[in-house]
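After this come two complexes, each holding chain A, first together with chain B and then together with chain C.
Right after this comes the complex of A and B.
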């Protein structure tokens, strides 16, 4: 619809304005300065500068692409125009910011910000001119991308992305492999003190371009080769790769060391929760915003039953308390599920949110302090162990989490196409029709709540044993929102999607401390953008893929029918 | 007899009744014990109720935003609490500037009006932008999609405010003329509370007249009744929707200033809890129902103000005020479970399903 309308000069102005405002926005919320500390290419370009470049670049690309359809070569002109407008907006902001003290209102409008935006130029007028010229240049660069053929465009985008990613990961690589012998020469080749070296960046760039080009033209070769093989050898290759994957998963902590293992366990705990919420939201279509409550119940059950500190009761071992935690969470899922059975959609979301908040407030209050510790939480929760092997640090807890994920993923995977899984999907699509088809709504919905809650309980129990102490502040609404975001980004209802979502949304911010401050800001934006642009997620489930692209398929079908007739 | 009973009501209904009955017993028991002990004098109860009315009228103003939008789009604008924050947080800086220049000491009414204008304009802009960017493209999407968008927008706005204005708690400057009390008909009322109650009554009456008497209000009601028919009658539906968001935003902005007069403190995340409470108020009164939202807000304000000392204290719970928000959430859950159509009934309930 929108794509059809011709791209006018007014649209170009509007795009330019948007790009400029975006740059001002990321400046004022502090992202530019915070990200400016991180050099991507040593002494040349920082992440902060890259995010400043991004809006005019991408909008220049989109502007040119939309203009191209109708007006031929006008695309680049449009890009130039919108880039100049964007630059002018930023220039205005720079002049304003350097002459008036905006800092009394906007805490991030510090001189440091304007140093970044002016690229160190002293006079505001020169900086403004540079901003306008730079905006135009970047947008035209974005526009040029529309002229390239798609394989080249893909290769270039991939190459730039991987340079930026590897640049970002420098610190992590240093922490992980710093003590290894082989790492030193590699490090010296690719990296300088801060950021990639020029040679490193160029090598990464060229290699990625080559890989991408190879994949475009010869990427189907391995698959073709495999399809030529006999079924037996195909099967053995599949099994072989599974076994290999399993072995790699088992060796990961030994290879990577404590810090990455720590991140992986955190990601893993979110994967377990995500798989659980995926059943409730993804399979059964019940939007549950109080999901953190079951995580809390699991963690608190584990804490109370096993702690040897002040609040000690049973002093059970981890393995004895684990089923209790899961069972209690499961029962809580049913108990909280019963009252909300008749609710749909948004009311359900709000009620579950209410439940979650009530539980958090009650746990935090003095009322139950004697038994669950109030704001001080529960301390001295012993680590899990089997025989003499203690799940002590992140490298050991990793296996515990891996075991949890394997268990939960297996259950979720087997349930998906089982009778119950299909019943859930029927309920998701249309409750009334599902009921008419003989699906028992009460049982089906309660099973979804119970299964989801049990997974969260397991996750919470592992979480408690991992940290050794738990506090009510770890169980606020943000956790529910995080889990919801990760399944939406990954693709609602899709199991690989949960894993991908957890790695993107939980792993990335853990890696980059400067991202951590802007985590929720980006999650929020991501939720909105995903819903607007790609509601089925990055690794979509088949039915959702169809559901969200119904119109396109219909159009395709229509045009096909028209062609054949 | 028993068989007929069981055929008519299934197990879940019975479980729900039991839960409801148990809660009623607990509440009555707690209240009776508190009253029997006589810990608080009647003056204290009266102050509780007046404070409840004051905060309830703030809730009511925010609740109107939920109700107006729900009435037209059948969606819960989850980010409405953040619309509220936007106005009052931005107006804080104006308030400080006015206080520092000494202007607000001399002309306190004028400076309050300036703050009100700032908050209204900012909240309105946030609401309209939200509609334009996040909600309009999704008007025909499956129902969960706009809700998830709204949740995302809510967090985005919270952290945007934090990024722009900082994460600390900021305190509105005092207005000298409004410290102390006034006496109406022998009742002593804190001046701020009196101003809040009067201002919100004025706003609510104004809104009622706008919706019932003006042409724009009529268009709004027509769109709420039936979008297609309204469009056929020559009403620009998009424009009415924008109007509705703007109106809800304006009321939220005004509510923000009143909130700041009552509680003084503002921060980036302040809108979330009042937002949920106002939503509760909207549901209490029957969502989509304008007078309902007003009554629901006042009712919730009073319950929240009385609840901890009246019921929880009697039950022997330690530091009951910590559970103040839990009472509001419990009300939300109970209303949605037992009477989702609200006290006054949902004006548009038949269309909701």
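Right after this comes the complex of A and C.
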């Protein structure tokens, strides 16, 4: 990997400015005040404060890491400088904001905001000093992280993350388990009215640290113990854990109740789409920005064939219409595939983008209104059922989605290692050479498009039966972008990555519904940060992992070996 | 009957007339080289044989079958394998995965395994780096990998495009030793090379190309001693 240039005082200044401006930015868009309503630890720290702390903390860490070189003290000095600059920028903002009325331009620059930023200091001078000192302290704290051993650093980051996560989850936990008997004492131990209790936070922190440390030093023990066993018992353990996992997945809705099940089904619908687009983009390397079209085709096929409302045609059952929806989406994939096969990269992306829009506009058009409802959509789509069992609410639809994911994941997994999967891989890596290896480019690409489209069709069909009515606005470009983003965040080409990405990008926003205004902002920030820090995704696929972390892996392994010995 | 035969082949890039009636033959078990300056049409000839470029006129025959009727990927299963110029390996895949890709058209698992062993015996360096990412190999090792990958398809004829390009002299010698070795084992090779001296050293026969036409043909010995060739390609 390329040698990074030395970290100079100028860089520190620059980092400090960036941190300061970031804090001002999130303040002025209103995030700080809005998030300040959510306590993570009761009466102590709010989510709003955490996001204010984050820029100087992380930039302090990165500054120190780049400056570290031979000795750690220089890194810390850089962090301090950087933090002080950031603090000064924020202090300037606070002084400006308290003396001049900024609200005519920035409606969020309210007194409340400055209360948060200065932790209630009254006088401007005290507030400014606080901001500068706070900035310096946080950045140095970030810098100190670079001095820690990697196992300790990992443990602390995990512990802080889990405290914040569980703090965020408070409301959801209340909704979900509020009526259960066992929940009351647990709740009282961990939570107060708003936020975690101190004891709760400390317990979570300590437990996570212990788990992380155990995993670093003894994490390979179960695997080692397993490798010592006979092949038969290894196999039975594998099967056993699969069965156990399956049973847990089956019991989830019973345990969680309607609201979390609703979130899970939404996430699941995106997982199915993600697995499909992952074949097109991740396996075959064809950038498709109009993927929502196939989702729409699946949903509308299901809607038209099954509806019992005004637009009723066949009034088929769900199970009869399902293969039709998948098949139609698959054919649409091939039809789109044929003209665009000769295109590469950017050109392909733009044509598919157009295709997605065409489908949406066709669906919206007055011309087809008599048969597919135009803007009024299709209503009264019956729920799916098997015999007497109806997939009525989210707790039941969950099983339908689970079935879809299992089916699609199995197909995707088998295809990856099959001949076709290898052909996709070759095409992704180098089209011309792939052809020289005897790979039929046209068929290989068409198969990718068709498989991906079929998965989206399945997802759309389940989506239609879940909602009971569908409208054109559900099939916006943003769906394609969401699916593509979740693949990237999870790790392009990786199956577990799709699941992780869907939970992060689709599941998390559902948990933070009250902050829906900032959803796209956080989304964008997450993508930018991911691309800078972890471009291979959260659960990377081997080939991509190699590309980005060729040398680091070895270094990490070496330093770990040195530490443990 | 010659193994490979080109008869009056004309190829174009758009409107540019790149090959102006090329006729040549490669007999079973021969090493035949095409030499010539940049832009003479050497690589174009290989592209035409492997079906990446369709000739507008003329035929390419492999054991009498007309290859111009086949698509590029089908020509591979006919046994014509190209080792592309500039060592186009799959740089993010491992050495082993690259070799496996070479055997893509084959389904005889046992045969593939045996050929993999053979490639590793031929290039022990590749065995050492079996699980390494191909992009991190040195230039010489990448050329070995590209050659090995070509062999994995069990070719009837191997088309090698500029194997010496950008390699250190020691490695060039190594690659050419391998070409000799492969030929001794019976492999038929059509070799395109700018380094005419080396090429004529390993080849049985050669053709000299200039601006899309063959200007000279003969045994390697004759060409080496030809004053024109000496002056133009062998540095006097």
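Assume the second predicted complex is superposed on the first by the 527 of 565 C-alpha atoms of A that agree within 3 Å, B and C clash if a C-alpha of one lies under 4 Å from a C-alpha of the other, contacts with A are read in each partner's own complex, and residues count from 1 in each chain.
Keep this in mind: a residue touches a chain if its C-beta (ideal position, glycine included) is under 8 Å from a C-beta of that chain, and two chains touch if they have at least 3 such contacts.
This one's a predicted model, so the numbers in the text were calculated from it and none came from an experiment.
K.L.:
A:133 in the overlay: touching chain B, chain C, both, or neither? Say first, second, both or neither.
P.N.:
neither
K.L.:
Please work out whether A:211 is in contact with chain B alone, chain C alone, both, or neither, and reply first, second, both or neither.
P.N.:
neither
K.L.:
Quick check on the superposed pair: does A:423 touch chain B, chain C, both, or neither? Answer first, second, both or neither.
P.N.:
So A:423 only meets chain C here.
K.L.:
Return first, second, both or neither, reflecting whether A:285 touches chain B, chain C, both chains, or no partner chain.
P.N.:
First partner only, chain B.
K.L.:
Have a look at where A:436 lands relative to chain B and chain C in the superposition and call it first, second, both or neither.
P.N.:
After superposing on A, A:436 lies in contact with chain C but is clear of chain B.
K.L.:
Report the partner of chain A that touches more of its residues: chain B or chain C.
P.N.:
Counting residues of chain A touched by each partner, the higher count goes to B.
K.L.:
Once the two structures are fitted together, what part of chain A is touched by chain B and by chain C alike?
P.N.:
547
K.L.:
Please output the residues of chain A touching chain C within their complex, sorted ascending.
P.N.:
419, 422-423, 425-426, 429-430, 432-441, 543-544, 546-547, 550
K.L.:
Within the complex, which stretch of chain B touches chain A?
P.N.:
10, 12, 15-16, 19, 75-76, 93, 133-134, 137-138, 141-149, 151-160, 162-166, 276, 279, 317-319, 322-323, 325-326, 329-330, 332-333, 336-337, 340, 353
K.L.:
Spell out the residues on chain A that touch chain B in their complex, using ranges where they run on.
P.N.:
25, 28-31, 104-108, 285, 287, 289, 338-347, 349-351, 353-355, 357-358, 361-362, 364-367, 369, 442, 481, 484-485, 488, 518, 520-521, 523-528, 530-532, 535, 547
K.L.:
Inside the complex, what are the residues of chain C that reach chain A?
P.N.:
Listed in rising order, the residues of chain C that touch chain A are 50, 52, 71-74, 76-77, 81-82, 84, 88-93, 100-102, 104-105, 133, 136, 149, 153.
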